[in-house]
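Take a look at the structures listed below.
Two complexes come next, and they have one chain in common, subunit A, joined by subunit B in the first and subunit C in the second.
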Partner chain A sequence: MVVIKAFGQVKEQVGMGEFRIEEEMQNVKSLRTYLSDKYPAISWSSVAIAVNKQYAQDQDPLHQGDEIALIPPVSGG
Partner chain B sequence: MVKIVDTIDLNKLYKDLVHPAAGGLCLFVGTVRDNTESKEVTDLFFETYDEMAILEMEKIRQEAIEKWKLEKVIMVHAIGKKSVGEPVVVVGVSSAHRKEAFPACQFLIDELKKTVPIWKKEYFTDNSHWVSPTP
Partner chain C sequence: MNTERYQRQIVLPDFGAEGQRKLDTSKVLIVGSGGLGVPVMQYLVGMGVGTITVMDADEVSLSNLHRQVVYTTNDIGRKKVEVAKERLGLLNPEISIIAISEMLTSENAESTIGECNIVVDCTDNIESRYILNDTCVMLDKPFVYGALYRHEGHVSVFNHQGSVSYRDVYPDDSVNVQNCNEVGVLGVLPGIIGCYQAMEVVKILTDFGDPLVGKLMVVNAMTSEHHTFFLGSKKEKVEPTNHVENKKFQTMSWEKLENTDLTKSHLIDVRSAQVFDESHDSRFENIPLQMIAGFEPNPNYEVVLVCDRGIATKQAAAILSSSFPDIQVYQIEGGYQVLAQ
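And then the complex of A and B:
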């Protein structure tokens, strides 16, 4: 199980700010595949993924209870 | 000091930056502009991933401290709905001389815009949309 937080545009597109995925995910790449299948309308290539509040790469492993964030292009300032 | 706040108090931030060894303070204040690409903007709404935004701002702050000789460094971003003219972000440094202060201040705001998980939504008279960063 991992907890997913969504922000900005992505939050509106998935329709919730926080949800859980019960399926086992090996790494960030497998999470991306899962999300692309579930939400094909989102352009995932422009969405960064953070694991436990750090920007993550595709090969980074996921663990039970990780806090994942879906980060669309940032626009602070 | 890095912070996410509801409302920016410029007087307070000025006091936070003052330091006896500093002869110069440089602050950048980002405010709500009333237009974008010739469309009238009424308000901006800011959302953050608070805990991560603080971590990312702290990384930038530390990088600035390593690059320049600075006395104080602050980065503050506001959240929620802000109207035209209101401050939404302040970055600032104090240093012995202006030579360090100007580039350090520019570095802080440029880096903040690249990596810190904060998003803004523009409200127009007829609709609204999430902003994509300026290329």
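And then the complex of A and C:
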């Protein structure tokens, strides 16, 4: 289980700011794949992912209870 | 410098006369004079940054005024940068304000950014942000990033003394992102985020406090929550900076190209496919600048880049060197224009 916090436009696209994923995820890449299957309209390759407040790369492992942040690019000024 | 004007900040022991002197001798470029740019310029002008350049091609419109509060209803239709220069000149006539009524483009980025110590990213579109980022990486200038989505604001300091850049966090520059005109924004939010940006500028220029280098702060104005994410250091790339810079800035003349063994070189023309099709040197393959981020060179090869005048190749070289710091990149000096002369 991991806890997800969504920011920017992703928050609206997934329809909630915070949710849990019960499935086991090996690493950030498997999370991206899971999210791409569930929310195919979102361009997941452009969304930055942080694990426990730390910017993460695809190969970084995920652990039970990790807090994930999904931070898409935002552009308003 | 009239110290009475700045007395209330000079009296701060950790800022002091030295901090004020540093502001006075600094040059700041503010790209965008809209929702974020307005508070940034108001405070930096008030606080006494010596030279402030404001860049924006837009005119004041009625729908700007709820958040861009330096402009008045009487200014509608006038160039934003001209109004800003006029009005902020009254706030502080002791500093110099330069107004450039242009958008930031790959043509003017190097000359405008090259003139300043730090850039403030107050743009409202992603294309300008990547041009700004890549030019800052190339010229080794820090930039203070600010951006909004509805009730959320993002702030960071990128590329400061080799720290991560925007492209390191968001490598995909093909993404389509909406701006404030499309999604809406409450008037006060750009004010809050712009003030954070102005504070970061002051921290970097006067070398005090703990700036948001390698960190991204996300502020939710609805819940008053602040989240800070650590973007990582780029220390492994800091040490060989000169090495990387040298590799990045290497140029090659057409004559030298003739006398170079090109068996282990990628020869790349970064102009658009349309221009490439009209005419090109047949030894070069075409990878337009917009696509260069997706190119993966053979690690044992060198890269030779060409464009029209040698400007797009600088950006392409910055992008390639950022992803592949060990690859030797050459740019054909003066591009195809040299051949035409």
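In the analysis below, the second predicted complex is superposed on the first by the 73 of 77 C-alpha atoms of A that agree within 3 Å, B and C clash if a C-alpha of one lies under 4 Å from a C-alpha of the other, contacts with A are read in each partner's own complex, and residues count from 1 in each chain.
Heads up, the rule we're going with is that a residue touches a chain if its C-beta (ideal position, glycine included) is under 8 Å from a C-beta of that chain, and two chains touch if they have at least 3 such contacts.
Worth saying up front: this structure is predicted, and the values here are computed from it rather than measured.
S.K.: After lining up the shared chain so the two structures overlap, which partner does A:Q9 touch, if you call subunit B first and subunit C second: first, second, both or neither?
M.R.: Once the two structures are laid over each other on A, A:Q9 reaches both partners.
S.K.: With the two structures laid over each other on chain A, which partner does A:G76 touch: subunit B (first), subunit C (second), both, or neither?
M.R.: In the superposition, A:G76 touches subunit B and subunit C alike.
S.K.: Have a look at where A:K53 lands relative to subunit B and subunit C in the superposition and call it first, second, both or neither.
M.R.: After superposition on chain A, A:K53 lies in contact with both partners, subunit B and subunit C.
S.K.: In the superposed arrangement, does A:S45 touch subunit B (first), subunit C (second), both or neither?
M.R.: Touch status of A:S45: second partner only.
S.K.: Shared contact residues on subunit A, subunit B side and subunit C side combined as an intersection?
M.R.: 5, 7-9, 50, 53-55, 69, 71-77
S.K.: Enumerate the contact residues on subunit B facing subunit A in the complex.
M.R.: For this pair, the touching residues of subunit B are 30, 46-49, 51-53, 55, 77, 88-89, 109, 112-121, 130-133.
S.K.: In the complex, go through subunit C and note every residue touching subunit A.
M.R.: 32, 34-37, 122-126, 129, 146-150, 152, 154, 169-170, 172, 174-180, 183, 185, 190, 216, 218, 227-232
S.K.: Along subunit A, where are the residues that touch subunit B in the complex?
M.R.: 5, 7-9, 11-12, 50, 53-55, 69, 71-77
S.K.: Show which residues of subunit A lie in contact with subunit C when the two form their complex.
M.R.: 5, 7-9, 43, 45-46, 48, 50, 53-55, 69, 71-77
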